[in-house]
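Each of the two complexes below includes subunit A, the first together with subunit B, the second together with subunit C.
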Partner chain A sequence: MSAVETLPARPAPVSTRFLRSELGMVFRRRRNQVLLLVLAAIPVIIAVAIKVTTPTGTEADGGPPFLFSITGNGIFVALTSLTVVLPLFLPLAIAVVAGESVAGEASLGTLRYLLVVPVSRTRLLAVKYAGALVYCLVAALLVAAVGTVLGALLFPVGPVTLLSGSTVPYSTGLVRLLLVALYVAAMMAGLAAIGLFVSTLTESPIAAMATTAVLAVTSQVLDSVPQLDWLGPFLFSHYWLNFGDLLRDPVATEGPIRGLLVTAAYVLVFGSLAWSRMTTKDVSS
Partner chain B sequence: MTAPTRLRKLRWGVPIAATAAVAVVASGVLTAEADPPLPPKTAGQLLVDVQGASVKGLSGTVVQDSDLGLPDLPYAGTGGGGGAGLASLLTGSHTLRVWYAGEDKQRVALLDSLGETDVVRNGTDAWLWSSESNSATRFRVPAGGAGAKAADELPAGVTPQQAAETALRALDPTTSVSTDGTRQVAGRDAYELVLAPKDTRSLVGQVRLAVDAETSVPLRVQVFPKATGDGPAFSVGFTSVSFEVPGDEHFAFSPPPGVTVTEGTLPADPPGKADRAKAERAKAERAAGAARTVGSGWTTVAILPAPTGEPDGAAAAFLEQLPRVSGSWGSGRLLTSALMSALLTDDGRLLVGAVGPDLLYAAAGR
Partner chain C sequence: MTITLPAAAAAVPTVEVDAAVTTSGLEKRFRGGQLAVAGIDLAVPHGSVFGFLGPNGSGKTTTIRMLLGLIAPTSGSHTLLGRPMPGAAAEVLPLVGALVEGPAFHPYLSGRDNLARVDAADRRADPRTAAARIDGALDRVGLAAAARKRYRAYSLGMRQRLGIAAALLQPRELLVLDEPTNGLDPQGTREVRTLIQGLADEGVTVLLSSHLLSEVEQVCTHVGVMHAGRLVAQGTMDELRGTQSARVRIETTDPAAAVRALGLPDPHVDGRHVSAVLGDREPEKVLAALVHAGVPVRQFTVAAAGLEDVFVALTGEGFDVSG
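What follows is the complex of A and B.
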């Protein structure tokens, strides 16, 4: 954070220096790198485990979706991995990054220096959120990419069987996988907005991370209680698995669009809450 | 950064406004469309139109909701061969995609969050595909025959058409038929046809059919119980629909590589609805010895012999939950829900009807 560099001229409206410095901070932090490593390890573990043991059976007998398709086509390593990281590992990583964003600076005492440079609090918040968004994207794409590469190395690749039972060329399958990864990243953007707001409430980054992670798990628990099924459509985690609709033939758009709209609503509400809190709070440390 | 406190507090108005905006959009107030103006039609005209409706093709998404107030069923075998996927239709909410291009080209896909069960009919081939069990079953449909619909593999009431047919079959002097203005369903203008049992002892309050103004195809069927004033206990309707004939690619199913294909068998003599019904009745009678009905119209009570043999663990536990009842007719266990009641007597009879328990007791005592 070099304040001197940004001082001379009013920063150009599209200056990306602040964003680049934030991204550098997010991706250079050892903790965040370790989290990415853990995420990347999931497809490795799945691929190697399947290669060594070759499970027999079908999904109906238990096990995560797509698991039993891996031996037939390596691309399913990526899809299985995305399904496996979605409930916990991925939200945890996002909670850490988003919870850290503002509270981390506050706890280190660097927030007030940041606020001295001629950058508005609004812009600071936007850059913090953008940093978390890029992390969401990188995390989801990383899992998909490692899964694809490892799947191609250890298992045969070829035409991909979609959920509808029709078969598409491998290249089309890769496009579908990319869409799934982008959808998963977009779903995490909602959680990141919640984490950003929580992060503006406290000066303890650990508290912000834990709260965000707990909210992510709570949302999923509430969604799985049959007596509370009226609540489901309002929960942000309710739409995470809608990426399955991208693997049908033809693609079913209603489910994913609904997921994106609800996520957008969460981003709007918690983003504006974070903004109100950020622009009105007294920064003393 | 030192704005007056009052001004700073105002900033909290932004998230409040954002939340309000989201709530308004989510509640659908903005997107709710006024009931469309359509030339008035009498109930009789609508009935004739619905029964004569035929389209060359359609495709769309159907959402089916069951809120029957049934206890969780331990298992629900439909015998359709679809496994858990199709049996799950009896409870909860389900989304299906349908394609139709004439009698011999049909496809129904039951969507699961990361799975799909498809029934595809294309000419003389019919396929049942389940992504979860990664299996495909092929049925041969005899050429030339009127043909068993692929959709017949699914439990009744899966599509609005099937549900409407079932409801219309109940039409007789015991039903009062009326219209109730117009509605927007799946973005299309529709008339609302209301069927209500005249017999007040029926648990069914009314059945509402939304009939497409242009094609007369039923777009939505809702069944309201008499007891509660809230929403329908059962509803099935399109959330989006197109009446263009879908392309052949939707009906071309070839089993993916690596999938085990089994050959299924259709009932021995499938063609023809009447024959089918007769065959089914004969089969039921054979199995039953004495299946019969008491009463008529909406308050018909079916008396069937209870399934023989010891129930297995899950079924026995399920039966244990049901309250024991007894009377001059004997004793047994009673299952009640918003739309139907069932009585399993200790002497091995199963009584089912869309009526309250008293009518079942009366039927049992006869």
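What follows is the complex of A and C.
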């Protein structure tokens, strides 16, 4: 038997099979599904709570931004929810998925079997990161979608009054909401890159998840200390709430673009660190 | 004009050309300072079933990890299927099936889904034939009936079989099987042996590690023996047997006299039986000496050394943990 003849001379130049398999692993995993469920529950809780406590026509005060606007327009359920999940719930979910990525395979021992398939270490890392990115996107869009639907069901919908005071049609409001969700997902890409790197450092997925989550919280804590003002612009969480600028008319692009650039820098730095660690590490689990 | 090549030009060392695996001074020192593999020169001939033997902790798995490019050697180099590693990993590894340090799969996926996951990771695998190849591999290791069970619910033996199935998803030129019979019952061990024999008959080279000589003795054409990180012997089975000299065994009513007349080192007395390693003495002369001394010999046999003897001799304390 000559095995050489029965194998294609060259591998398929591009194959999405491994990526699809990875997405299946991420999204079929019960724990990751529960995390999505928790995220989706936030808009439900917010919408229902406001519906039962606030008589229509009056405005709730206090609480997160946009909360007061909900009774006037259901679209603000989605925006309030994104604001609420951004500091903790969303980063936590991303930390779980990104922390799991490489360390999870290492702890099971499946990492060595992927490498001998062979999957190049660079490709493995790319597919793992892509899986985490898709999870970020799905998570942010899910919160936005559930918020929009529930808002439309429980509250009036119509022209949206933006932060700049001008009013745009509901459809334009939805486009802005989509932009906000995409921006939030993009911000999580930076955290996912950090999680990916941490995940290459250990064979314990729990340790990687916890470390990533702690980093996400620490970044926000440092950002809130006035004495550390100079540090703020370098922190990845500093730009997370810049999505407010997308709700002005015209859109103020400077803040969000700075957020995207800093996030890109984080992705680049931690992606490179993850790569250099991954391509040199001994896989002896 | 006719060009005649000098005869010497054709005499390339056979090991270089035919070896499916070669290592040169391959060494691994772990970060803790532990020297797990102490510079070994392994040569696994093409088409052989190479028994890679040694006690637990003697460095077999570490060697295999280095061969497959999972860990970087501290020094030394190696080739797989004639190509330098790890440089040629992308071209060579598709032709290599491997089981390293036991099977590892996702516990919540079925056996079948686990194989599908491995297959999906393989850029060379044809998705159209995936189902057939997966079923074929499961069938070959006798797991077809349990294919849809979760891996979590598999017994150790079933897990080991699934690991072998993963190595057989594609046609291979080389199989590297690290303790494939670990955890299998005698029936399963026999089946794996038969499977390996069948693959070898198809021309696949098999590097088979084990700490149990008896489990691999019957299928191996070659053996390499590891002891405390060193490759203390390698060669064909016969070559290895030849390194240890035969023993004489005498049955006599006067063992004490026999021991005196034998003139061989370290005679072993067990009731009426006396045995000793023959060394370079001729058995005829030994018998003549016994008769001459008037030792009542009832039976006199010369037995070739068993492989077990060879291993005990090579690994000193026998198959205990080393390192």
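To be clear about the criterion, the second predicted complex is superposed on the first by the 267 of 285 C-alpha atoms of A that agree within 3 Å, B and C clash if a C-alpha of one lies under 4 Å from a C-alpha of the other, contacts with A are read in each partner's own complex, and residues count from 1 in each chain.
Simple rule for what comes next: a contact is a pair of C-beta atoms (placed from the backbone, for glycine too) under 8 Å apart; a residue touches a chain by one contact, two chains touch by 3 or more.
For clarity, every value in this text was computed on a predicted model and none was experimentally measured.
Given the touch rule stated above, what does A:R17 touch, subunit B (first), subunit C (second), both, or neither?
Second partner only, subunit C.
If you stack the two complexes on chain A, which partner ends up touching A:L115: first (subunit B), second (subunit C), both, or neither?
Both partners.
Between subunit B (first) and subunit C (second), which, if any, makes contact with A:T53: first, second, both or neither?
neither
Have a look at where A:M25 lands relative to subunit B and subunit C in the superposition and call it first, second, both or neither.
second
For A:S272 in the superposed arrangement: first (subunit B), second (subunit C), both or neither?
first
Under the stated touch criterion, which partner chain does A:N242 make contact with: subunit B (first), subunit C (second), both, or neither?
It touches subunit B, and subunit C stays clear.
Which of the two partners, first being subunit B and second being subunit C, lies in contact with A:G72: first, second, both, or neither?
A:G72 contacts subunit B only, not subunit C.
List the residues of subunit A that touch subunit B in one complex and subunit C in the other.
Shared contact residues on subunit A: 115, 280.
Can you tell me which positions in subunit A touch subunit C when the two form their complex?
Listed in rising order, the residues are 1-4, 6-8, 11-12, 15, 17-18, 20-21, 25, 29-30, 108-110, 112-120, 280, 282-284.
If we count contacts the way the header does, which residues on subunit A are in touch with subunit B in the complex?
Touching subunit B: residues 58-60, 65-66, 68-69, 72, 83, 115, 121, 158-159, 161, 163-167, 226, 229, 241-242, 244-245, 248, 250, 252, 254-255, 265, 268-269, 272-273, 275-276, 279-280 of subunit A.
Spell out the residues on subunit B that touch subunit A in their complex, using ranges where they run on.
Against subunit A, the touching part of subunit B is residues 1, 8-9, 11-12, 14-15, 17-19, 21-22, 25-26, 61, 72, 83-84, 92, 95, 97, 109, 111-116, 118, 127, 129-136, 239-240, 250, 253-259.
Okay, in this complex, where on subunit C does subunit A touch?
Contact set of subunit C toward subunit A: 62, 65, 68-72, 89-90, 93-96, 98, 100-102, 104-108, 116-118, 120-127, 166, 170-173, 202-204.
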